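When the chains are written out, they are named A, B, C and D in that same order, and each has its own residue count from 1.
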Amino acid sequence: MDLGSALWNGLAVFLTLCIFSILYKDNPFYKLAEHLVVGISAGYFAIILYYNGFLPKVWVPVVKEGKFYYLIPTILGIMMWTRFSRKWSWVSRYPIAAYMGIGMGLAIPLTMYAFILTQLSATMQPVGFANAKLINNLLVAVWVLCGLIYFFFSKEHTGAFGWAAKIGIWTLMVGFGAGFGVTVMGRVSILIERFEFLVNYAKALIG
Amino acid sequence: MKEKLVFGNKVLLIFFLLLLFLFLGINITFAQEAGEAKASVDSLAQAPAPPTNVVARDAPNDNGHALVVTWTLSPDDGAGKNNVVSYEILRSDNPDTGFVVKGVVALGISQYEDKGAKEKGDKNYLPSHKDFYYRVRARADGIFSESVVSAPAYAYGQWFHFGKSPIFIGSVIFTFFVVLFINMAKKGKELYVRPIAGIDAVDEAIGRATEMGRPILYIVGLGSAADLGTIASLTILNRVAKKVAEYQTPILVPCADPIVMTVAQESVKAGYYDAGRPDAYKEDSVWYITSMQFAYVSAVNGLMLRERTATNIYMGVFYAESLLLAETGNVAGSIQISGTDQVAQIPFFVAATDYTLIGEELYAASAYLGKEPLLLGAIKAQDWGKILIMISLVLGVLAASFHFDFFVKLFQVKM
Amino acid sequence: MRWQIPLLIVLLCGVVVAVQYFVPLEELEFIYENALDWIIITGVFAMMLGLWSLFRVSISKVQNKAPGWGYNLITLAGLFGMLFLGYRVESLAEGSLFMKLFRYVYIPIQATMFSLLAFYVASAAYRAFRARTVVSTILLATALIIMLRMIPLGFLSNWNQVLANWILTVPNMAAKRAIAMGVGLGMIATALKIVLGIERAYMGRD
Amino acid sequence: MSFYEKMMTLDRRWVYLCVGIAVAVPLFVPFTVPVSVTPEVRSVYDFVESLKEGDRLFIAIDYDPTVMAELQPMSLTIMRQCFAKGVKLIISALHQNGPGMAEQLVSLVSKEFDKKSGVDYCYLGYKPYPGLTILAMGQNFRIPFPQDYYGVSLDSMPMMQGVRNYDQVKAIIAMEAGWVADSWIRDANGRYKVPVALGVTGVMAADYFQYLPSKQIFGLMGGLKGAAEYESLAKQKERQATGRMKVQTIAHIMVIIFIVIGNVGFFMSKRKK
């Protein structure tokens, strides 16, 4: 390891330890790392946005390629800056309205497709009692129904309906427990890698 | 009279052809299952019979730069000499010459979508409204057998994507529900809504913060302002801000996206305005930290520990940071209320926060908190949506079990 | 002017973009392609507001000598340092000071923050997984069964493996689907409320 | 505060410390943790063990470096086991980012055992359209791969004489990171009736168990754990997966112990009241 990379990696090791120190309690080292990374990352993000957003989507189309219809979103974007003035800040509603409208317009059909129809047709499987697969399909269908019943807001959860809702929340809890249990392994792997990074640096320094 | 008979014959012919295809189809799958589809060593070197009936037509539901080619399988595909390995599809704008391979499919497949590019410069450009001819050749080892040339066909764009009709119908029905129930709510029809613990806790938590004289932390998550989870969160923020203004408790809203920050400022300001205290609103209570996930989380965690926030509310779109935030809030001793539509993160919020709004509850929460009849109407619409889904599900499962596949197909989107 | 036009813009943009989804015609594809660009462009200009906000909050702490104001100086130094270093296009190349700061400051902190989750998963499980009610017992039991897959239990492991796989592919699947469909309805209802101008708190008040 | 109440309200920092120790110590101190072997992994091992010298086995290395930690130990162990027994290998790599990585693995292991390309093994490499390639190999390996990865004609290889297609291999063991696994099951096993066993990532494992009872696959190794199980059976010197699995096992035990402590405290203090 040459001196340059020893120093840079040393900085990385130091910051790693700073962050780990929060496990004991808040302290100046954590504060240092935290405030440094906020500044660095905000600056980094702004610069990346400049090169990947402003240049290809505003500068090049409007100035270089003369696609003047790109002036519309550009003007809308500039209207965001009216927020710097108290008097004119209502003008920023225009770009926000366009942003929201586009976002919602994109979302409605895609949500209907990905969140509802895909799940619905995936659950429409043959059911029965003849073999394990059919029984499992039946269980999935019943539990999906109970889960949906749990989410009913405008009907009291009492009687048979209440029981279905109860089975629904139990099913959801099984899902959450499974989700939690499955995740532990991945998180531990990341911690192993972090420890290995520290150990390797120490080894490299000693030689 | 005579014409009618001809027509009748045609129908009969199509019927028989269909039966034949069906029979062939069954036969092929049957042969596969029985394990007879192995190529004998000798047959590989021989030329297979060529595919027949090559038909090209415009690809449906597209922008007009693709054609669909269909053919009848070679008799030596899965039967006969059983030595076909794949089919190659060739295209030319001249029926006599210039055929180029455009695609390859495996044995047993009798359809190919020749998808071209729409840009003129692209080497794969396929112009609309121009005639093309196709050939299909069966391949066995190194030997090809080519079909005759297809009739010409051209590609053109469509006005409606019929493959997406389930999405269209679903969206229209649900929009109708929303408009209908909101109109009913406008007319003052009383609506019952069941209690949700996490929502009832919000009031209590704000009261607690006021008693302790410590601020409330509201996190809108890492989503953008075009994410619906974020929008739901921002409307909840508006209701929370109104209550906070009434109690005169400070609220802190650090954001990870500039546009979300802008909208959050407006939401909070509107909340203060609704509470009749527009002057109490401080612009710096909603601010931007950084858009980078873990830098943002490190700053928010520091904030929780130093400001000792009494109540932390996490609503919106969260990723791996969910547990980082919730555990740190726990260390700081805050009451925590969470809600997210991210299935993978709900378990961590359930485990580490005091109350969690699960999935759809997040979307219902803004209406609950405001108790505005218009928004409650939307909740009723959501419930009717669920009823419709459940009915379809029950019918669909029955249909699938009794092999009424057409019903199941009604819900399948063909992109 | 202040209300009607923005509400009209939301309605118009929402309906046009949603309808375009169903029309494959090439002549209308520009709507979709431009819609995405519009969102990006708005974000680009809004970034200035974000930076201004971060700057103002930090500088006011420094000016007021609020507790720990020295740390805010570090934030400001990091921010302006990166903006200054990133100004030239060469700075995006590997090996520049700009990229080095990203690589040796942001990346290790990101990875370490992420790895803290290993600790937090354990403490959250310890604190939360108590068999208090039926619901919390189910949560606890499922998490245990899934975690036990990683532990050698002799012949019990085989049984546990079968059970864990069943949990993952049957009830877990059902739960995910039910949540997804509920969320989907909530999302569409929310989107419609915005497009139809019923929910407008996000635009503030006059 | 009673002992049981203390059990319920341990300072979280003790939990952190224990997790830290559980993950850090195994990095320094050598010790072993037993692995309980599941039948679906044992059946893969038993099958490979039953092969005789000169038998041919097909190994598919269909993953890229991003999932190496989970799948590479499986490939490595099985290849060593085969070479030690004199089993001849035909190896493909149907992931577009994988062939270079697979080549390194193949040349590493073949050097260890002094095995020759074309005589003891044949590395085919990559062809686009995995599904199509798998089907075509069922007819003849030479259709998608007239030459191997190094450009040597299959016909010129001693070990490929008389080897046409899957009929001449004893089985396919496929290490998979995605949907190509379905293709091996549906096309290679379904159509050509060659026995297939899978090694998959931990995330995929639960989804592929359904193919075991129907005998569409005769064995399944899932993620790091499956790899560690196989290593414990094969008893080779290098055990990459076992090392990492050891840490995972201890960390999981730690989490479970804390859950148990919390619940014991909870129940006992409730009983006292």
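The working rule: contacts are C-beta pairs under 8 Å (C-beta built on N, C-alpha and C of every residue); 3 or more make two chains touch, one makes a residue touch a chain.
Source: prediction; values computed, not measured.
Asker: I need the common contact partners of chain A and chain B, sorted by label.
Answerer: Correct list: C, D.
Asker: On a CA-centroid basis, which chain has its centre farthest from chain A's?
Answerer: Here the answer is chain D, farthest from chain A.
Asker: Tell me the chain pair with the top count of C-beta pairs in contact.
Answerer: The largest set of C-beta contacts joins the chains A-C.
Asker: How big is the gap, in whole Å, between where the Cα atoms of chain C centre and where those of chain D centre?
Answerer: Computed value for the inter-centroid distance: 33 Å.
Asker: Please report how many Å separate the Cα centroid of chain A from that of chain C, as a whole number.
Answerer: About 3 Å separates the centre of chain A from that of chain C.
Asker: By residue number and range, which residues of chain C touch two or more other chains?
Answerer: Those would be 18, 21-22, 39, 42-43, 46-51, 54, 68, 106, 109, 113-114, 116-119, 121, 123, 125, 127, 129, 139-140, 143-144, 147, 150, 168-169, 176, 179-183, 185, 187-188, 191-192, 194, 202-204.
Asker: Which residues does chain B have that touch at least 2 chains other than itself?
Answerer: Where chain B meets two or more other chains at a single residue, that happens at 164, 167-168, 171, 174, 224, 226, 228, 231, 259, 262-263, 266, 289-292, 294-295, 298, 306, 330, 343, 346, 348, 350-351, 358-360, 364, 379, 382, 386, 389.
Asker: Could you check chain A for residues that touch two or more other chains and list them?
Answerer: Expected reply: 19, 22-23, 31, 33-35, 37-38, 40-42, 44-45, 80, 83, 96, 99-100, 102-104, 106-109, 111-112, 116, 120, 123, 141, 144, 148, 151, 172-173, 175-177, 179-180, 183-185, 188, 191.
Asker: Can you list the residues on chain C that touch chain A in the complex?
Answerer: Within the complex, chain C touches chain A at residues 2, 5-7, 9-18, 20-22, 34-35, 37-52, 54, 68, 71-72, 74-83, 86-87, 89, 91-92, 98, 100-109, 111-119, 121, 125, 134-136, 138-147, 150, 166-185, 187-188, 191-192, 194-195, 202-204, 206.
Asker: Within their complex, state which residues of chain B touch chain C.
Answerer: Chain B residues touching chain C: 61-65, 118, 128, 157-161, 164, 167-168, 171, 174-175, 178-179, 182, 224, 226, 228-229, 231-232, 234-235, 238, 255, 257-259, 261-263, 265-267, 269-271, 273-274, 278, 284, 287-295, 297-298, 306, 320, 323-324, 326-327, 330, 341, 343, 346, 348, 350-352, 358-360, 362-364, 366, 374-375, 378-379, 381-382, 385-386, 389.
Asker: Spell out the residues on chain A that touch chain B in their complex, using ranges where they run on.
Answerer: Residues in contact with chain B: 19, 22, 25-26, 30-31, 33-35, 37-38, 40-42, 44-45, 80, 83, 92, 96, 99-100, 102-104, 106-109, 111-113, 116-118, 120-121, 123-128, 137-138, 141, 144-145, 148-149, 151-157, 172-173, 175-177, 179-180, 183.
Asker: What residues on chain A touch chain C, complex-wise?
Answerer: 8-9, 11-13, 15-16, 19-20, 22-23, 31-47, 49-51, 53-54, 57-58, 69-70, 72-74, 76-78, 80-81, 83-84, 90, 93-112, 114-116, 119-120, 122-123, 136, 139-144, 146-148, 150-151, 168-185, 187-188, 190-191, 193-194, 197
Asker: Touching chain D in the complex: which residues of chain A?
Answerer: Answer in residue numbers: 23-24, 132-133, 184-185, 188-189, 191-192, 195-196, 199.
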